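As written, the chain order gives the labels A, B, C and D, with residue 1 at the start of each chain.
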Amino acid sequence: MKFNVFTQMEYVVRSPGTLILNIHALRSPQQTVLNEEFTIEPYIKAEELMLALGENRLVRFEVAEPGTIKVTYKALVDNCYEIADYSRQEETMVAQLDVSVLPYLNPSRYCQSDKLYRLAHNLFGHITNPFEKVVALTNWIHSNVQYLSGYSNTQTSAFDTVTEQAGVCRDFAHLGIALCRALTIPARYFTGYAYHLKPADFHACFEAFLGGSWVLFDATQLVPLNGLVKIATGRDAADTAIANIFGDVTFTTMQVSCELAEEENFEPVYYKPDEFKGLSYL
Amino acid sequence: MKFNVFTQMEYVVRSPGTLILNIHALRSPQQTVLNEEFTIEPYIKAEELMLALGENRLVRFEVAEPGTIKVTYKALVDNCYEIADYSRQEETMVAQLDVSVLPYLNPSRYCQSDKLYRLAHNLFGHITNPFEKVVALTNWIHSNVQYLSGYSNTQTSAFDTVTEQAGVCRDFAHLGIALCRALTIPARYFTGYAYHLKPADFHACFEAFLGGSWVLFDATQLVPLNGLVKIATGRDAADTAIANIFGDVTFTTMQVSCELAEEENFEPVYYKPDEFKGLSYL
Amino acid sequence: MKFNVFTQMEYVVRSPGTLILNIHALRSPQQTVLNEEFTIEPYIKAEELMLALGENRLVRFEVAEPGTIKVTYKALVDNCYEIADYSRQEETMVAQLDVSVLPYLNPSRYCQSDKLYRLAHNLFGHITNPFEKVVALTNWIHSNVQYLSGYSNTQTSAFDTVTEQAGVCRDFAHLGIALCRALTIPARYFTGYAYHLKPADFHACFEAFLGGSWVLFDATQLVPLNGLVKIATGRDAADTAIANIFGDVTFTTMQVSCELAEEENFEPVYYKPDEFKGLSYL
Amino acid sequence: MKFNVFTQMEYVVRSPGTLILNIHALRSPQQTVLNEEFTIEPYIKAEELMLALGENRLVRFEVAEPGTIKVTYKALVDNCYEIADYSRQEETMVAQLDVSVLPYLNPSRYCQSDKLYRLAHNLFGHITNPFEKVVALTNWIHSNVQYLSGYSNTQTSAFDTVTEQAGVCRDFAHLGIALCRALTIPARYFTGYAYHLKPADFHACFEAFLGGSWVLFDATQLVPLNGLVKIATGRDAADTAIANIFGDVTFTTMQVSCELAEEENFEPVYYKPDEFKGLSYL
């Protein structure tokens, strides 16, 4: 499925500094970036970085002159996902997990799974099928956490959200990850461009590792699961921040869009009880 | 019902300091202290204090000499409670609450009801009868929080316990209070001597203000509700600590007991669905 | 010193509810309310309440009809304070504290003094004079915490502020109180109207109990100490909230002012090293 | 410098589970493991894992039978470090940092540098030399945080320790890391065997990235800096736990030792003002 993704951000620079942005569509064997364009006005030379884990593309540049800069990214991306019956997967035992997956069992900055152990087991410990477990916790988050724009901030973590029960997509994702890890299911954060997200913005959801695949879950239920263009995955938002700013530089405005390339015929996919059994980005 | 209550505590004094103990059975129009004896060995003159709110009896004394002191309290107390069908009570509207009850709606050190607002409403907001609401939240605590001796410490609060889901009687009480207040039901902390508590110790539970009465609830379900001798009520454990120590003085050992006076014939009272409808200490 | 104080607040009512406001100037033997006027438009009968401790005046009223209400309070108040050399006061030992002062040693919702014990002693434990101790901690807050409008919210506590080092007057006061209590100095929250506060708003600072007097401290250094009209004192903002709202009622706008009555000749008082030695509202 | 390191741990197994241990001395181009032996009694086949980042060696095995197991590891290791004048290093700008180092600027589970930004800048922002900055914060931790065995637990984080000011080596390390990252200095957790640590145990300290080297700092000042045998580095203790246990398996007892191989002549290295300028493990 081909999407035109676009973002434009403005920053006010007051002193020399460095920005690291994480807004490029991920290039992977399956997600193809057909064309893309990244510009900074006025022109600054930027450096593209890839973390060893291969899960995000960073762009880093220095700002030296006080003033306003405008960053624009646009790309045509062919995303790639698989729909399958993940409910048939048996739980992957820790003893069989690939070593690259193990870090996604550990607690992280915003996903303090160590503190949610009893709660997760009280709520979901009775469910034996691992896919049904993650579906249940995703539904629980959707039912119990209120989507409230502006409620949380960059310091809000799953430990806060589980009790305060309000937040934005980032908080829904962190809580999903923390609950999975507390149940010994590896889970990671997913950011991307999202088709049909209103108002348009970057989106966050999470992937749980089930039977050898990273299966996508979105407790916000705000967008079709198959309309995402992956930017990055990581342990949580600390690893995959849209922007890391070093220096006296302030974000002012942003536009984001994700549109279907014209010729496409899009059939939205959502989880439905007893029907659809899982989607995984490749 | 008459009980012999007893406690003996030892402290090691290394420098001059002050102790404030809250171990005396409360004297109230209904709870009669038939006889009591308080001693400190070696002898120190102590001062008995009563807070304005009349909800606890403090004893304060200075320790000057390094060494060991032994504090002993024993009393014969006739407690007094009422069993009634509090389920018929309508919710007391905030507009009708007596001014002396209003502070028990506020969040306090260990009962951050302001942070539990959505959670309380998600879990119990659908229940209209106020008594049933408190019964439901008490049962929820009992089912979800594991009683684990030594799990928590003096800094643990309801905000921790609601997620960590383990603790001792103090934590069960704090969580009950916080949930009540989040539902606009005044609630306060209750400490006392408890008959049949094993191992013997001071006990904590909570009272919710329903239809004009402070009704007792105990999410631990460890003791019969009618076997308590009240020491104090307050906003939470910060107001009703068994001991406040100022100076280099260390608690070493403690014994507590609460025995039925011989002639008594005790019939334990517990909450049972569809049967017993509430107990309130007078 | 006479001040005209004024506030006007608007609320949008969507369902029946109750409001409890704490905006009246305190009436005390020393602070004289020469005249005052309280109105709600459209007219609602309100009830004035005084908590047992006599430290605030609450007004409570029910809102029944959906719509907008406007609350106006104005008063001419003669405040009353004493300037004295509190630096000569010796520390009041816990053993000598009046029982009514003891609760102000306990931790409270926003002032977790129990968690700041070591920090307070590491920073200020070497100072022996109790007045100098409070001056030092007030200066430390002023130097280390940045006044940032909008930084904190109603859940922010001293435990957050001590590390995050940014906040508003409420946060500065909570941290001052928590540090005092951690040093075994009773302390309480003070809210009032403040002359020369820009932008005009309600103000919060704190009082420490030194040598038998509640001495005023304001780590924000935003206003002269002698330009305050006391509304309330309490353990912290949980006891003295400007408004407690029960029901689906939303605060929209507010105006506050505090002006010198015409005939007055105001000489502002601020703490200055080696000069001015303390001010206490009576 | 050659050390004989040794650890023996016992676990009680009650149900089938998996253990992942991180107790092997790291093999690196510079740290040579001359010989080593790892045994489990009764015999269980274990699998050795190396995370992609190459910073630790994990051993994973399944326990199937209820009972007691004993794990023993011993090795003769030649560690390798460099002593140099790191105080001459200029700060490495974010724009020049290698991409592999960037993750060590992010906040992590136990090192919430995002919450310590203002505090770090208030305390250490005036120091321009990056090495002196880290020395200063390490000394500040040593002076302000009390080493108290048993004070903290596995959930304690730098955000707690910075205020509570007590903890163990793990807490000292987490706070050092969080402060470094808040100052835009990459920092990571270091665990190892430590010569002269009393009582013998695993040790934790931290490394700051200065001028291209990971320089070692230890705010506990409990051991000579040159007596460490590295086990692992990572973002914090979540990445480098000595043991991760999955299943109903309980740790019971542990022995650890780190002794100089006989022929060695050990001269302990400690930081001293104006003298010694830094040590880095290679």
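Criterion: contacts are C-beta pairs under 8 Å (C-beta built on N, C-alpha and C of every residue); 3 or more make two chains touch, one makes a residue touch a chain.
Which chain is which protein? Per UniProt: A, B, C, D = Transglutaminase-like putative cysteine protease.
All of these numbers come straight from a predicted model, not from anything done at the bench.
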Copy pair chain C, chain D: interface residue numbering same or different (half cut):
same
Compute the distance, rounded to whole Å, between the mean C-alpha positions of chain A and chain B.
46
Starting from the mean Cα coordinates of chain A and chain C, work out the distance between those two points in Å.
44
Distance in whole angstrom between the CA centres of chain B and chain C is 31
In chain C, what residues contact two or more other chains?
115
Using the touch rule from the top of the page, what pairs of chains touch, sorted by label?
A-B, A-D, B-C, C-D
Name, in rising order, each residue of chain C that touches chain B in their complex.
18, 20, 49-53, 58, 60-62, 93-95, 99-100, 102-103, 105-109, 112, 114-115, 154-155, 184, 238-239, 244, 246
How about chain B: which of its residues touch chain A in the complex?
115-116, 118-119, 122, 143-144, 146, 159, 162-166
